[in-house]
Every structure is written in C-alpha cells, then in structure tokens.
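Structure provided below as structure tokens; questions to follow.
Labels A, B, C, D and E are assigned to the chains in the order they are written; within every chain, residues are numbered from 1.
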Amino acid sequence: MLTGAEWGIVALSLRIGGVAVLVMLPIAFALAYLLARGRFPGKILLDGLVHLPLVLPPVVTGWLLLLAFAPTGPLGRIIEALTGGTVLFRWTGAAIAAGVMALPLMVRAMRLSIEAVDRQLESAARTLGAGRWRVFRTVTLPLSVPGVVAGTVLGFARALGEFGATITFVSNVPDQTQTLPLAIYSQLQIPGTDATVFRLAVMSVVIALAALVASEMLARRAGRGQHVL
Amino acid sequence: MLTGAEWGIVALSLRIGGVAVLVMLPIAFALAYLLARGRFPGKILLDGLVHLPLVLPPVVTGWLLLLAFAPTGPLGRIIEALTGGTVLFRWTGAAIAAGVMALPLMVRAMRLSIEAVDRQLESAARTLGAGRWRVFRTVTLPLSVPGVVAGTVLGFARALGEFGATITFVSNVPDQTQTLPLAIYSQLQIPGTDATVFRLAVMSVVIALAALVASEMLARRAGRGQHVL
Amino acid sequence: MFFDVDVEARVGAHDIACRFQAEDGLTVLFGPSGAGKTSTLNMIAGLLKPRRGHIRVGGRVLFDHGEGINLPPEARRVGYVFQEPRLFPHKRVRANLLYGAPDRDADPDPQLMEVLGIGPLLDRWPRTLSGGEARRVAIGRALLSDPAFLLLDEPLSSLDRARREEIMAVIERLRDAIGLPILMVTHDAAEAERLATRTIEV
Amino acid sequence: MFFDVDVEARVGAHDIACRFQAEDGLTVLFGPSGAGKTSTLNMIAGLLKPRRGHIRVGGRVLFDHGEGINLPPEARRVGYVFQEPRLFPHKRVRANLLYGAPDRDADPDPQLMEVLGIGPLLDRWPRTLSGGEARRVAIGRALLSDPAFLLLDEPLSSLDRARREEIMAVIERLRDAIGLPILMVTHDAAEAERLATRTIEV
Amino acid sequence: STRGPLVLAAASLQESMNAAADAWARAGHPRPVISFAGSSALARQIEAGAPADLFVSANERWMDVLQRDGRLMPGTRATFLGNHLVLITPVSSNVRVTLKPGVNLAEIIGNGRLAMANPGVPAGMYGQQALERLGLWASVVPKVVRADNVRSTLALVERGAAPFGIVYATDAKASKTVRVAGIFPDASHKPIRYPVAQLKTSTNPEAAAFRNFLLSPKGKAIFRRYGFMTS
C-alpha cells in the first residue's frame, strides 16, 4: 500500500499532530475559559491575539516563529539555554507550528461550549459545598465536553493539514519536518508522481476520518446523559 | 500609511473573504443542521467530506480544485458553458478556494450550537401551531446564533488568511487573486522587504480584529435574552 | 364523547397504558408521581408516539395506529401548559405570548393579562421572571394560541392563593362559557374537587 | 435567634428588601408571586449579593455589608432545594444525590431513598425523570449534603398527596428531632399550617 | 553522528540532487537530508539563523546576500552548474515560438496565462529580465500568473491551468506532459548559475565532504544527466 518511507511520513505526521494537540489542549481550554467567563481589561486584545494565527497568512506566522525561535531570537535563546539545542528544522519545531495554528480553532469551539453551560448548575454545586475548583472540574468541564471534543478534532485536523507556517518556519526536511502536506507538496513539484500524491492524500483522509469517527464515539459516550443522540 | 496598490490588495481581500463567507453561510448552516439532526446512512461520510478541506493539505485542496475547474475539468466545463468564462486566475476562483477552506470551520461551530438547542422548546413551538419550517426559523435558528456568529468569524478569518489552496488553484495574480497572504508571501520571498511585509501583516491583523469586535457585539446583542453577558 | 383515548407507549423501561373516554368539561388526570400523566398528555399533544391504540378528540382522529394516522403536533390545535414553563429564552414575554396567536401583531388580550398579572412583564426576558411569573406567562401563551382543547400539567403549582383563585375562575369560564374541553393534571385535592367534571386515575 | 436577616437587593428594576429574625424550627416565607421570596433565599445561600444589610445564621455571620464579610456559598453549609430541580444533567441520579455528601462513595441512606421513593431511580439520567421524580431527587441531594440549615423553595409542588405526606413527615423530623432550622417557601395553606413554627410575609 | 548533512537546495534540483545524495549514500556515507524550495525562501530561512549545512542557490544574488551578511563559511562558495531558460507548453499543443525582439508573444498566449515564478525567485527574476530585454514584458505582464517556485510554475502548465510557462530547460526535461515551445537567448538574461556554499552554522562532519563530492567530476556527471551544464 504505502512504501516504508511513506509510512515514516505518516508516523511523523501523527506524532507532530498528536503532540501539538495534546500540549495545546490545556492551554486552549484555559484560554477559552478566560475568554468565556473572565471580565478584565484587554479581553478583546487577548481574544484577538488568540485568533491571530488564524487570520494571519500562515507564512507570516511561520516567519514570526522563525524570528522568535532562531538561535538569536528571544525564544530560541531560552531553548538553547535550557536544552542546548534548537527546534529549527526539527520535528519539535513542526509541532510548535502545528500547535500554534490549531490553537484558535480549539479555543473557539471550547469557548462556545463553556458559554452554553447553565450557570445555575454551578450555583447549585456551590450550595452543595463545592469550591470553585471542584465546580469547575465536576460541572463546567464535563458540560463543555462537546466543545472540547469538537475543538480537539478541529485542532488535530488543522495540525495534520498545516503547511504554510511549517514550511516557512522549519522548512521541508525529510524525517524531521516533512509531514504529509509537505511531502505531498514536494511530490506535486516532481512531474509524474501523481500516484504518490494520491496515496499520500488518501492517507491524510483516512487518518482524519479515523480521528473524526473516534471523536464522534467519544462525544456520544460523554454526552449520554445530556443529549438524545 | 499604505500605498495605493496596497489598499487595492486590502479591498480585494475583503471582497474575496466577504463573498466567500456570505455564499457559504447558508450552505454551512444547512450542512450543520443535517449533521446535528439528521439520521441517515452515510452521515459519517458526509461529516468526513465536510472536514476534508481542513484535514487535507491546502495545496492538495487547491490542486483538486484546479483539476475540477480547469478548462478541461468537469466543473470548468460547466462554468464555461454557462458563463463563457473561467474562474481560474480570477477573484471568483480565489473566493471559491477561500469558501471551501472556510466551510468546515463554519459547519463545526454551527453544529455545536444546533446540538445545544433544547429540543423541548421546539416541541413547545409545535404545540403552538408552528410547522417544522416556522419552528426552524423562529426557534432553532435564533437559538443557534452563537454558533453562527462564531462560525462566521472563524470562516472569515480563515478566508482572509487562506494561502496554500489559493496559490495552487488560482496562482498569484495582482488585482485578481493576490490577496493579503499572497502579497505578503511574495514580499517575504524577497530579502529586504520587511517594511512592506510588516505593513501588510498589520493590515491583516487590523481587519481581523475589526471583524472580531463586530462579531462580539453582534453576539452580545443577539444573545441578550439568553446569556448574562 | 369528546376525548376518546386508548394508548400504550414505552418510555425507557416503563410501559405506560392509558385508556379513558370523557365528555366536554374538565377532566382531572390523577395519579402518583411517575405514573405516566405527563407521558399521556405528550401522546395527546403529538410529542410522544404511542405504540398502539388511538386518540380522538372532538370527533377528529389525531392518532390511529391501525389506520396509520398520526397528525403532527401543530395540526392538533392543542393548548398545552407544560409541567415546566418552557418559555422561549430568546423572545421577550410579549413575543412568547403571541407565538401561537392567530394575530401576532395585536396586543395580547388585556383582560387575560390582568387576570394573569403579567401586563407589566411584557417587555421582560424570560430569564428575569420569577418561578410563578414564568408559569403564568406559559398559561397565557397556551390560552392565546386559539386551541380546540387544553392540556394542563399542574398549571397552578407555584402560584399564591389569590392568583390561583383568579386563574381557576378563568379556567371555569373557559370550561363553561366557551365550552373548551380540558384535561388537567393536579395533585391538589381542593383544586380537583372544585374544577373537575370527572377524575381519571392513571 | 437562629436566622437574623436584614437585606436589600436590586434585581433588574426591582428593589427587594427583607428583614426578619427567627428562632429554630420551620419558618414559612410567604408572599405573592414575584414578591422576592426566591431572591431572599438566594441572598441567604450566597448566590445573590445584597446591596446592604447582614445575614447571620446560627450565630455565624454569612454576610455583613459594613464589615465586608461575604462567605462564598460553599462555606455557608446550606441545604437548598431550588424552585426548579437543577439536577446535574451529566450525572446519574446516584451521583447527583451524593454530590454534596460527606462520604461520596457510600450508598445514599436507604431510609431516605425509601421515603423519597427514588431507590429504583439511582442509575437513571436526570432527563429521563418525571417532574415529581426530579423534584424528589433534588430534595434528597440537599438533605444528603449535611447542611446546617435548609432553604426550601416550594419543595412539595408537583408531588402527589401520599408522597407529600411522607416528605412532610421527614421535614418535621428534621425540624424536631435533629433541630435543623428551616426556611421554606410555600403557597399551600395546609402545608404552612402544619409545618410552620412561624410565618413571615415578604 | 550518523545523520547526513542538511542541504537546502533550489527547487529546480529536485531529481538531480536526490540522485547525487543516493550516489553518495551508496558510497557508504549517511544520506544527506535535503529540503527543496525556491532559492529566495531558503535564503530567508538562512538569514533568520536556521542551522543547515549546505545551500545551493539557483542564482548568485541570494548567495551574495548571505555572504555579505556573513552567513557563509569563508572559502566554501563555488559555482558548479548552469542552465537555460525556456518557454513551455503542454505536449498537446504544437505552438513554437522564436523568442526574439518583436515577436508577438501576447497574441500567442491569447486568452490564456503565462505562468512564472515569483519575482524574488531566481526563475522569476531570469524570466522577467529576459522578457524585458526582448521588449515583450509590457505586453505580456497582464497575462502573467505567479507561483512560489519554478516547480510550482511547471505544475501550473502540467495541470492545464496555464497554456504557457517559463522554467529551466532541466524542468522541461523532467516532465513528460510539457514540451519546450521556445528557448530564451542566453544573452537575454544573466547567466543562470548555481553556487554551493557551506554555512556558518554547519556542524555536520560530512558537510564538507558532500560539498566536495558535488563539485567532483563524479558529482557533476550526475547533474549533467539531468540536463545541467557544468563548469
């Protein structure tokens, strides 16, 4: 079906997309909660900032990441000091790009669900002796599950499809940053490789569909008590 | 601030993003409704199809659009027969690319809100003599406004930032398909044009923030009765 | 025979069966909590499909399993006051009241507003109403929808005595003057005694 | 002096003021719909912040505008049965009941389950409950949370007579045997007469 | 380490540089890792400090910029390949154009489009220069569509989106679905030259050796097979 090298690309894409989304999950939820519930000056600004990677051309996001993470950039220096290495041209860099691009989608979906949570249920929980943190864990969070699932699917799909920011930030390095989209792009530039392009594209679709089906099942199970599905 | 040519790019981007989102709005809502409420064989398939542009590398989506809309492609032939023209290298083509890429984001957000609508309210409306269509218009649709707004913002932002599919499908034609991302990309390829890149990037951000603020205000107004904002 | 009901349904693991015939007037549905009173009203309103049987109201066949008849809720001309208010959260009180009214631009009948005591609430959002206020709006909404018969699921709970008296008077008037057949769930013995033409145990 | 309440609040365009003192026993809050009964309970529970005044319960200061004291709801040890059930839709009945219990792994007290008649419902989801069943679960949830006092907002509406009797007996027992102070809203004269140690008009 | 050096190479080198890397690997070395893109995009990444080992550009200009900014290891820059610029069209078309001053290229293109690489990409720069020197630029510029590198340009013609495109002779040779419709005179543009250099950030012990291999007769022979001229 796929060649060994192509399986390698699939595995790399899954690793990059998976790590990106897992790391971003708590960050995205915290941001979504803050935006849904918080009242603070600069909220609109934070909202805008979170949306930035969505609205900026991906190549610009990639370029900004490049400036930030270059050995002389502010974040690049920190990483160098901490790990002695760099994320440029590395799969870690590709995961950063994918995570940043996925973030706004994750936040929006989660925020939508948090805003839909009935706050009277939270009041009820507090009269039952639950502090803010327990209310959050046992009421707000579980009732936001539909948004968390939707956000995760959107984010994972976006991470899998990420192209412009990745190629600008960490280039197209086989085995390190050459995810499915970059591999397909490379093949599109080599005449007579339609079969490979097709195989890789189908693989993208299969992975995405699998993620989708899994998420639907998850949402169904989590939502059992809430919706008639 | 901006040069005349740069203002032209901004105007073109707004037109392409605006048309793409407006045309996609009813389609997206219909799909969201179908996916939220319908029970039919092949639902997962439709779900997957809608998500495709999100998960496929944008360049592949652009390539597929190119194959479909090329003068010899199936859709290209239909358009040629109907209008005598082509969408290739035209702003209409750029709008198609932007709309297709925005679609999954719009559908997901809307679906999330539709699923959260209390179906007992719909039952109540029907006992009051409202047929399915009136119930949809007066209950389901208005109660889904948060998702429609979120979906529209996400979609518009995505359309504004669209890059990979556009450049592959309709190339980079000044005054026709050279939206902000493509203009920035062109400038990014030429070392020493940082000032222009910066100006255009700022302009992207400004537009996106304006859309965001507008949408927040809209959501607040529409949601007056529903949420304590 | 105004109501001619003979239905069976399954909700979750419960089998609910209900069979009665009733003339015009007010029929009280009576039974312990969880007996299936709400489910029965839902079947008559067209919100729950019976597994078998038939529902005839005022000579019209609303449901007949054998003949494959099943009118949609909007064609049944029912005025249903649900056990919980179910107001439309995105519409102000006025729009809620007029949702089912034949003339949606007219102001809601001032006399009814007076009896229900909701005249001053017309421009409020449902979420700002107290429990009793919401219930009264729900009663108004059902009455204004020009129904051919009423289904009332504990309509007077959470209302104070004075208000309750006045609304009972309205119900009596509907029952006697207009001759609107009514099916009502209540646990209040006094209420049942005063209003009921007959009582049916579920 | 168990309850010592003197508060004022503004909800929407309404000013609500309430001032009373009450010993242990059961105090009925009484007043027409929209008078501010629920708002008062919400202030005592810590869900609505008064504009001024103080709330002292059992010697503890829950709120004092002058001294800047405002205990959060979870620190007030209140057992609040809301006007509507407010069950957690994502938790089964058992988890709802035990949400506020000191020991969340123990089974809910079988005797209480028996009185409330909800023993067979423990594994059900709230949305499958009938109106009266949901209310009974809400009562159970508040009682199981080991409260220092009870706030009951029309707890017995939508319950049939037999069940109402049994639950009234439980409330009497709490009032007398355990000496739990209770503040209760009801419109039912018989109920008020039977249970109330005193009645306060809002 | 067992990793090969990281090579950033102009898009037009897709097949040839891979063949060179394969040959090098067959000789028992770790296979170099290659990232292809338009030379200008790669130059920008190097400018930002991206740590790679070798850079092969499709023109001298971007190498000059990097050298000026001190990004190259002194003494490692060498120009080793040359190319021609051509006008391509799908094999199904039988158009032939003699590219010289006065030829009505705009009319030949007709309603269609002329695909070119972006202005900052070497292939785009050479192409624009050639059209300008031939006095054709003003008349064809409304028909020009841009792509992000020379291979994306090629793809536009291959997929039938544009009936004409300007690419290198080696790109035309790599495709079975396009043919050369005309060759730009060498004098109409700066000579097309590919310099290689080792980067300051290079740490891979094999980097210098692979660079030497590219410059060796054996290495150059590989590129000649793909149509490049060697010096």
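Quick notes on this structure:
Here is the rule we use: a residue touches a chain if its C-beta (ideal position, glycine included) is under 8 Å from a C-beta of that chain, and two chains touch if they have at least 3 such contacts.
None of the values given here were measured: they were computed from a predicted structure.
Listing every chain that touches chain C and chain D alike gives an empty result.
Between the chains A-B lie more C-beta contact pairs than between any other two chains. One inter-chain figure worth recording: chain A and chain B are separated by 19 Å, centre to centre, where each centre is the mean of the chain's CA atoms. Separating the CA-averaged centres of chain C and chain E is a span of 79 Å.
Rounded to whole angstrom units, the spacing between the C-alpha centres of chain B and chain E is 36.
Taking each chain's centre as the mean of its C-alpha atoms, chain A lies 45 Å from chain D.
Counting partner chains per residue, chain A has residues 63, 168, 188, 228 touching two or more of them. Contact with two or more other chains is made by residues 41, 44, 152, 155 of chain E. Applying the touch definition to all chain combinations yields A-B, A-D, A-E, B-C, B-E, C-D. Touching chain B in their complex are the following residues of chain C: 45-47, 72-74, 76-80, 82, 86, 88-92, 99-100, 125-127, 141-142, 145-146. Against chain C, the residues of chain D that register as touching in their complex are 11-12, 31-34, 38, 83-84, 117, 124, 128, 130-133, 136, 153-154, 157-164, 187, 189. Remark: chain E residues 6, 8, 11, 14-15, 33-37, 41-42, 44-45, 48-52, 149, 151-152, 154-155, 158, 174-178, 201 touch chain A in the complex. The part of chain A that touches chain E in the complex is made up of residues 63, 66-67, 70-73, 76, 86, 88-89, 167-168, 171-176, 186, 188-192. Across the interface of their complex, chain C is touched by residues 120-121, 123-132, 138-139, 142-143, 145, 222, 224-226, 228 of chain B.
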